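Handing you a structure now.
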Amino acid sequence: MQYTNIAYVLAAVLFILGIKKLSSPKTARTGNTISSIGMLIAIIATLISFELLDFKIIALGMIIGAIIGAIFAIRVEMTQMPQMVAIFNGFGGGASALVAAAEFFTKYGTSEQTMFLTGTIILSVFVGTLTLTGSFIAFGKLQGFISGQPIVFPGQKILNAFLALSLLGLGTFVTISGIQDLNMFYGIIIIAALLGVTLTIPIGGADMPVVISLLNSYSGIAAASTGFVLMNNALIISGALVGASGFILTSIMCKGMNRSLTNVIFGAVGLQNDSSGGEAKQINYKSSTTDEAAMIMDAADKVIIVPGYGLAVAQAQHAVREVAEQLEAMGKKVLYAIHPVAGRMPGHMNVLLAEANVPYEQLKDLDEINSEFEDCDVAIVLGANDVVNPAARHDTSSPIYGMPILDVDKSRTVIINKRTMNPGFAGIQNELFGFENSIMVFGDAKEMLTALHKDLKELS
Amino acid sequence: MDMINILTVLILAIFIGFEIITKVPPTLHTPLMSGSNAISGIAIVGAIIATKVSGEVGTWLGLIAVIFATINCVGGFMVTDRMLKMFKRK
Amino acid sequence: MIAVVLKETTANENRVAATPQTVKDLIKSGLTVRVESGAGEASYITDQDYKDVNAEIFSNQTSILKGADIILKVASATKAEIEKMPDNAAYISLCQTTRELEFVKLLNDKSITGFSMHLIPRTTLAQSMDALSSQANIAGYKSVLVGASHLPVYMPLLMTAAGTIPPAKVLILGAGVAGLQAIATAKRLGAQVEAFDVRPEVKEQVESLGAKFIEVESDNDDGVGKGGYAKETSEDYKNRQQAKIKEHIAKSNLVITTALIPGRPAPLLIPRDMVEGMKPGSVIIDLASENGGNCELTQMGELIEHNGVKIDGTLNFPASIQIHASQLYAKNISTFLTYMVKDGHLNLNLDDEIISGAMFTHNGKVTHELTSKALGEQ
Amino acid sequence: MIAVVLKETTANENRVAATPQTVKDLIKSGLTVRVESGAGEASYITDQDYKDVNAEIFSNQTSILKGADIILKVASATKAEIEKMPDNAAYISLCQTTRELEFVKLLNDKSITGFSMHLIPRTTLAQSMDALSSQANIAGYKSVLVGASHLPVYMPLLMTAAGTIPPAKVLILGAGVAGLQAIATAKRLGAQVEAFDVRPEVKEQVESLGAKFIEVESDNDDGVGKGGYAKETSEDYKNRQQAKIKEHIAKSNLVITTALIPGRPAPLLIPRDMVEGMKPGSVIIDLASENGGNCELTQMGELIEHNGVKIDGTLNFPASIQIHASQLYAKNISTFLTYMVKDGHLNLNLDDEIISGAMFTHNGKVTHELTSKALGEQ
Amino acid sequence: MQYTNIAYVLAAVLFILGIKKLSSPKTARTGNTISSIGMLIAIIATLISFELLDFKIIALGMIIGAIIGAIFAIRVEMTQMPQMVAIFNGFGGGASALVAAAEFFTKYGTSEQTMFLTGTIILSVFVGTLTLTGSFIAFGKLQGFISGQPIVFPGQKILNAFLALSLLGLGTFVTISGIQDLNMFYGIIIIAALLGVTLTIPIGGADMPVVISLLNSYSGIAAASTGFVLMNNALIISGALVGASGFILTSIMCKGMNRSLTNVIFGAVGLQNDSSGGEAKQINYKSSTTDEAAMIMDAADKVIIVPGYGLAVAQAQHAVREVAEQLEAMGKKVLYAIHPVAGRMPGHMNVLLAEANVPYEQLKDLDEINSEFEDCDVAIVLGANDVVNPAARHDTSSPIYGMPILDVDKSRTVIINKRTMNPGFAGIQNELFGFENSIMVFGDAKEMLTALHKDLKELS
Amino acid sequence: MDMINILTVLILAIFIGFEIITKVPPTLHTPLMSGSNAISGIAIVGAIIATKVSGEVGTWLGLIAVIFATINCVGGFMVTDRMLKMFKRK
């Protein structure tokens, strides 16, 4: 027993270290391995400590579980990761609820059924069940089984409030009075399951990650309360860890998406879905933040900077040089692609970049640079538009058809910064923005570059 | 005293949970979520215990719980690892 | 098909219509290229340089023009030259057809198809043929150098042991291609630069070069939106504009004017009294002098001084940066020409905006509207 | 005590030895100031401007010099002027005493105490009197403007629709005050700038302006440390220096030479063959032309062309930026003068490094060693 | 008992929050208050829980202690803060040792004297005593009672090693065998006391802060082990907190001073003392880091930047503009003081700063700026030397006597950046560097400004 | 179990101690040191207990310990506060 507990503490320490390392790109993979070792230690310690365990049943369960988990994990496509996380999470919550329920049935009616025990069991069952159904709905939405659009109906909020309140009332009553009737217990399970559904269903696809993160936090809470039920340190510490870190992660994500946490918790998110659509009707683009751009650039070896009129408007010449210098300090090759008509006067970009003391050797003109895009990891387009419009290559009806352009789309990733989806000088839309390998980062070029610079520094 | 100690442990663990995640870049949100989710599969410890200590019902509920929790652990850790592999530089 | 590059005869015209590089391009597109001996001299290009890229060198103008299909020049051809050109040939140069009517008539009389690089439409696609841009850009750059050389003061701010020198104030009127490059160059030299233009969208462009735009409040009491632009050229607006310019001009050390409305005489922006309100030692460079000047006192091609203010009406600044001016102009012409040439022959697709836009005479008719209107008025 | 500001009579000398501001300073330090009518005209200062600060205006040179105690000038005084000066008066101007021996003799004959702003020692303390610095700085700035105006090419890099223009290459020989300012100005205009100087400590200064320093490997095989500097001017070093300069000069568009060793004729850095190795259209501005020039072909005060290379030997660049040149020079003089004046009188403390340093004649003796040596040699 | 423990946990939480807040300048004071409230709660809870306490004795002790502590705290001059911290720390360590000793004497020879108890008591007595004597030596050195210079003698390291080993041996022996002889216990106390002295005495004044921080960490360890002796959560958590955070702080400080932690622990530090002396013999200057400079600037309202030739050499024109913009973004007034002969040619600084696009309006010449220094919080001198040398004002024998200079010394604080203590163009030393209100930050101007920019950003 | 819990608490507390101090600017080193030093005055709790539970010797040693620990607490918190006051902007 002593050793088991020491093993648990050790496992908890490994979990802490693992999560810590997961929050930096350089150490994340190691972190995950560390956590999994912790888990192994906890499991082995548990198996050893209860000598009389029915190994057959346990082995059976673990083998089934491992096979299912592994198949899912191997088969899943990269794009389906979020729903995988959701469904795994649901199983975790379910497991906690089941354990608590098992304990309930064992202790039910015996003298051991203290108020504390009942209370923690109910908490664990309630949160675990909610996590289970909520996660399944999230999975269904992301996988396309259920409409990804927010499903809204009149009185939804009232229903949610009603369910939540009745759960609270029932839970409190049962805890204080001691359970009188098994139906009450089942009632709690049913209401929790319902609440999981009703809370998740109104949320749109784009906001799902936040919800999954929140549900993740819930499954930690469920594990922790199960820990109280069993008076088990491993569950308490790990559950609390996951609960707290998941909560923080959720709020970080909310901030990143400009949502408030209360909105998410009370199911008001996702009513407007702004990550596709927008002003340019036909173009379906991906928009992201400077953090993401920094991450992508961190992984690149060669970066080509494509300045345009917008860079001049923003007077971001110094900011762009700073970013370039940072990238070079990180060991990347940096070039500038100067289109002959970028800007509003011949040599506009030269004047601009000369002012910021960008070395002449880094400036490449159209002929020199176009062959460089092929093996370029990231092209970052700063306030340029017409000069990178692929329509000039193929769309004979376009007013710019025939103009030589910078072939930024040939590079692995194109990061495009401008303020809006408005067209440039020629007044035409740019299909580049909707390409598979394009990412828009909206904002004034100077502000964007300043933020990018900060984010790059943090990564290096 | 026991109760208090456990509470103390809980509070300290929550503190650590709050502290260790400071500024995660958005690209790591999903792996981080996935990785910490796998940890919540610690319920497997409870499930194993439940198969023994919680009588007949416990054994069966426990079995299901073991399956569930194992899915969570195994799947969670593996999927996280796959995601993180993508971040490796070429 | 034979393309002929003539030697320029106008005084101070140091440019040439083709460089060895563009001769290569022309030959590649199927043309035979003849160059008049000494054509490149003023641009430091020898006959040998042309020979090296397989151009034929002729020293006699009559023989070089015999059988010519396309004649390339910088300045407008003289009467003597035109007379030697074969009928129905094509001709390209940088001519202002609405003003050089005699010349247009001569060409038309010989049924020569005339193109002016001045008339290339300013579309995105035609930018590499836009000689007006490439040459105005040089003019803008050079005007600042010349202006700074005229000035009795430093351009940049200097704090020295013998006292602090404030930066010169430079005012640019008209911020087209020439004006914008003038802004950039003056900024580079450390001056404090302001600019004014009637087109409101220019404000952003001026600021994108780090200069200050002088804003003339537009009438918002007597109705905005009632046909915005038209309104802005109202008498009242003009008066306010004048007052504003007068105020800023009095504080300026160097004024560079580039204001132009295509096909019309240059607008008068600086009347005599404004000049007289300037500090002695100030300088005005009037890039519009060719079209009558933006300043009342400008004398075409002359540098004069009035009340201590130097007014420079020098023409043809680009010809003084001849190496690059020739390089860019030749490139503009060769791009235009190869654009028109199909399988070694001129393919005059009159539906093409660029070709028809640049053409002013064809088959004995004056095709450019403003030019034929001007001819009619004559 | 009476200070007299004379009108300059040398051609193109637009500067003046006192401005209204410095007249004020002089009056404050107890002097009476007389200004010859029209003295400030070329620098855009009117007689009225001087009157406003309580200077007395004289139109007759004889009467203005009557009773004068100190005479202030820019260029050396003429024979006529000196003859009108009272004996034993003091005199200050920007004269090169080792070359203008006639003038020194005339002053000495009248026992005039002569000071040359050229001789002000270059100490930290004397920096605000250092007219050589203030004027050389202008020369460096203006030489680039003039050089750029001569050039048939652009200075900055430009990537345009009609092709890419590479930046001009500018080479500065001698990186003293004039050279450094030339570097800064050429950099501003966007050129690629290289510089060379024999003093090794200049490397850091050149680089502090963002330009490249051309290094001539110093002999480390035949003994470093054996009297470093002396070694470096060895024949062998000179040859290597020549070779290096030749290599760089051949690639340069604009060369500005400012090399000078005080009191000696300017060193010859660019012999004829180097000029002939340059590209046609290149430009040399020889700031040392007054002292014989750094280029063999330089003709003092002339702009010549040799094999397509323009060589500009223009003298007195500062006089063409006369407003600021006068302002700085006048400030240098007034600082020097007020430094010497105690209670309204000249206090010629001969132990003072600055005063004795700048003095070249006193009490009928030539006090400046190099000058009296030159006189002896004559 | 239950409530006491809850109170302890509460106190611990408050300590955690308190320390967290102490590490940011904006919240530090609140943090200290929070910690002290935590302490109050712990004390009151303790007093209440032991109903039969002898209040008189305790009150007496507390009053005496409070008076002494308060007098010290109020009387001490700002410059003597470090030694105050040292001595307080010593008392804390002493208290832990005393409590453990008391417990030892009570339990000595009884059946309660388990191995665990003996071990923890010895640990606590040993660490506590070492802290006590070490802190007193540190106090004595800083206060000037003992020479601030490192006191070194041959065989010092061997003596330390011998003492440490014998302590370890004795402690282990006593723990395992159970104590046989009170003399052994006293022996441990004596050796610990000696070790505290011998470890501290070889350290020079400049490195004292690191040592104090380490001793602080030790006193936390002592408290934690006393907590084990008494099985008291409050002591364990708080002690562990202080121990761990003190340890981290020590290593942060070591890094800041370019020392290795092992060096400090094993008493090898301070043998070379580089914070005074150096190349310039007469000048006694203070040197610091960009973090510190950033802190000082953060607290300023008006900052004047004084560029010199070194800024040009470092080509740091863009870096200085970035710093200035950051300062302005933080709401400060920023001006540049341009000395007429700064640099190596007339207008050198103008050329430089114009290239970086510094607005002309911010450039002030000598006459304009000299009156501004009086109410300026920070003047930051970047690679300038002669132009800020006060000798020009008063030292008639100086070759620069009479040259007008920038009166940077009139501003509240002067931060000076250059690479070494070498003189400038005029070849003379600059007494400014040794002024009371001067701080040197050594390094290349560009690198220094880049670091400063980063640090400023972190503060804002 | 008790022992283990206490160990758990210790480990978690150490973790928190490591986590909460991330990047402190040098100017705050002294106040931070001083502030956390005051917290180590928690020995006062032990001292108070010692006066009672540790018999006669305990009472006296405890009294001294109370004095010592009080000096540490009171002095430490006060001196820290004084230092921090200086950081206030004018």
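Things to note:
Letters are used for the chains, namely A, B, C, D, E and F, taken in the order the chains are written, and counting of residues starts over at 1 for each.
The rule is short, and it goes like this: contacts are C-beta pairs under 8 Å (C-beta built on N, C-alpha and C of every residue); 3 or more make two chains touch, one makes a residue touch a chain.
Everything numeric here is computed off the predicted structure, so don't read it as measured data.
Of all chains in the assembly, those touching subunit A and also subunit F are B, E.
Traced through touching neighbours, the fewest hops from subunit C to subunit F number 2. By number of C-beta pairs in contact, A-D leads when B-E and A-D are compared. Residues touching across the subunit A-subunit E interface largely coincide between the two copies, over half of the numbers being common to both. Between the CA-based centres of subunit C and subunit E the separation comes to 69 Å, rounded to the whole angstrom. Rounded to whole angstrom units, the spacing between the C-alpha centres of subunit D and subunit E is 56.
If you average the Cα atoms of subunit A and of subunit B, the two centres end up 18 Å apart. Across the assembly, subunit F contributes residues 1-2, 5-6, 8-9, 12-13, 15-16, 20, 22 that each touch 2 or more other chains.
In subunit A, the positions touching at least two other chains are 12, 16, 233, 237, 340-341, 346-347, 351, 354-355, 357.
Among the residues of subunit D, those touching two or more other chains are numbered 127-128, 133-134, 137, 156, 158, 160-163, 165, 188, 190, 210.
By the document's touch criterion, interfaces exist between A-B, A-C, A-D, A-E, A-F, B-E, B-F, C-D, C-E, D-E, E-F.
Interface residues of subunit A, counted against subunit E in their complex, comprise 318, 321-322, 355-357, 454, 457.
Chain contact summary for the complex, subunit A toward subunit D: residues 338-341, 346-347, 349-351, 354, 357, 360, 363, 365-366. Residues 8, 11-12, 15-16, 18-20, 22-25, 28-29, 31-33, 35-36, 38-39, 42-43, 46-47, 50, 52-54, 57-58, 60-62, 64-66, 68-70, 72-74, 76, 78, 81-82, 84-85, 88-89, 91-96, 98-99, 101-103, 105-106, 116, 209, 212-213, 216, 219-220, 222-224, 226-249, 252-253, 256, 288-289, 291-292, 294-296, 299, 301, 455, 458-459 of subunit A touch subunit B in their complex. Against subunit A, in their complex, subunit B makes its touches with residues 2-3, 6, 9-10, 13-18, 20-55, 57-59, 61-90.
The residues of subunit E lying in touch with subunit B in their complex are 1-2, 5-6, 9, 12-13, 16, 233, 237.
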